[in-house]
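Remarks on the structure that follows.
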Amino acid sequence: MSTALESKVRIQREDFSVTDEIEAIKKSSRNIGGITSFLGTGRESNKGETISELNFEHYPQMAEKKLAEIREKAIKDFGLIDMSIIHRIGNIEIGENIVLIIACGEHRQETFKACEWAIAELKRTTPIWKRETTSKGEVWVQATP
Amino acid sequence: MMVTVKYFASLKQMAGKEEDQFNVNEDTTLEQLSELIEKSVPQLGNMVREKKVIISLNYDVVPLDTVVKDGDEIALLPPFSGGI
Amino acid sequence: MSTALESKVRIQREDFSVTDEIEAIKKSSRNIGGITSFLGTGRESNKGETISELNFEHYPQMAEKKLAEIREKAIKDFGLIDMSIIHRIGNIEIGENIVLIIACGEHRQETFKACEWAIAELKRTTPIWKRETTSKGEVWVQATP
Amino acid sequence: MMVTVKYFASLKQMAGKEEDQFNVNEDTTLEQLSELIEKSVPQLGNMVREKKVIISLNYDVVPLDTVVKDGDEIALLPPFSGGI
């Protein structure tokens, strides 16, 4: 498990610890009152198909650039104290962590809004692709909102 | 002048390769470049015209009339499906 | 740090691990796609006053009953897979964890809505009181929305 | 018949005690009980009338015309401030 918390936006193969990431972002300020986190995990079924494995591929450099843009815009537009975004690539087993977005602020309202916006924006703008393995074989997933 | 075109995810499978190098003239736009791409990977021409594929230039999505420069990195990106 | 995860709603003095609580709730289903968590932490300043310490008191039995009601209503009304709610009592230092609400579902939208509703409902219905220690002494805090 | 009345947070400080026991008649409502509470802790009478304090009966908030039963647990609750 990675404890490398050097960057607030990361794309990595290894798993992450939600607790470690929250403790890292807490260091941003002594005035954090609310921290909203979104954790995406691998679901076993999608549209009736049973998924045995997920695999994520990304466009290096562009994906990190888009995550950094999302983080900066979220902090500015929602008045956050800080945000971190981590997305895993490679093979992901059912139940495993895929993506983590943490938004922290003085009050809770802005952290909910920013976190929900950031995951939607990630899906919209960040070049990451999911391949699902089912009994029918491997399928690249079309984007869903 | 030379530019690199990268293929990702399903497009990489379709192209059967990760990238192409193209020698292009001055003032070549992304739209004109996509005609060269179509010669290399025929299926991609229609997908670009029907906007089923996004084109990025140096890690940003830009209009198709943007002119490329020597050393630019272009990529053909199928619809994203990150997150969950 | 407590690893006692026997109940999905708890009021306790000791700290909790967000990772451990998320891993516990993941066991509810292999079909979880989204997990939204809200973590409330002790802020250093409130209305210009510098806070040196927080202290939470609760009405035993009634507070647990209200948390259980919030959890059941959230699961039913928002179509969640599961929810857990933990609130600490006693002395809390600045930066420490106070409250954790975890909402998990098949899709992310309902987990954001449910988590945001649950923390507002907790503040409205659950008999827990906060005392702040500042340079002026100890003050029982009036409810804020 | 006997009922217990508990005081919490700022009200416990105000009352200087955690609880009272009251011996009440059959058919006593929470409203009538609050008059007995006022005799024990005078400041609380106005707070109940002005709804600055909520009254719970056996862990639920109920209307003030609810009749108490032997062994009931009543509590006087100042405005909540849990969460953050």
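When the chains are written out, they are named A, B, C and D in that same order, and each has its own residue count from 1.
Operating definition for what follows: a residue touches a chain if its C-beta (ideal position, glycine included) is under 8 Å from a C-beta of that chain, and two chains touch if they have at least 3 such contacts.
Computed from a predicted structure; not experimentally measured.
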item	value
Chains partitioned by contact, subunit A not counted	one piece
Of A-B and B-C, whichever chain pair has more C-beta contact pairs	A-B
Separation of subunit A from subunit B, taking each centre as the mean of its C-alpha atoms, in whole Å	27
Separation of mean Cα positions, subunit D and subunit A [Å, integer]	48
Centre-to-centre distance between subunit D and subunit B (centres being mean Cα positions), rounded to whole Å	73
Multi-partner residues of subunit C (at least 2 other chains)	33-34, 40-41, 43, 108, 119
For subunit B, residues that touch 2 or more chains besides their own	84
Interchain pairs in contact, sorted by label	A-B, A-C, A-D, B-C, C-D
Interface residues, subunit D side, partner subunit C - complex	6, 8-10, 13, 56, 59-60, 75, 77-84
Subunit A contact footprint on subunit C (complex, rising order)	17-20, 22, 26, 30-41, 43-45, 94-95, 106, 108, 111-112, 115-116, 119
Of all residues in subunit A, those that touch subunit B in their complex	40-43, 56-59, 61-63, 65, 87, 98-99, 119, 122-131, 140-144
Subunit D-touching residues of subunit A, taken from the complex the two chains share	33-34, 108
Complex interface listing, subunit D residues touching subunit A	84
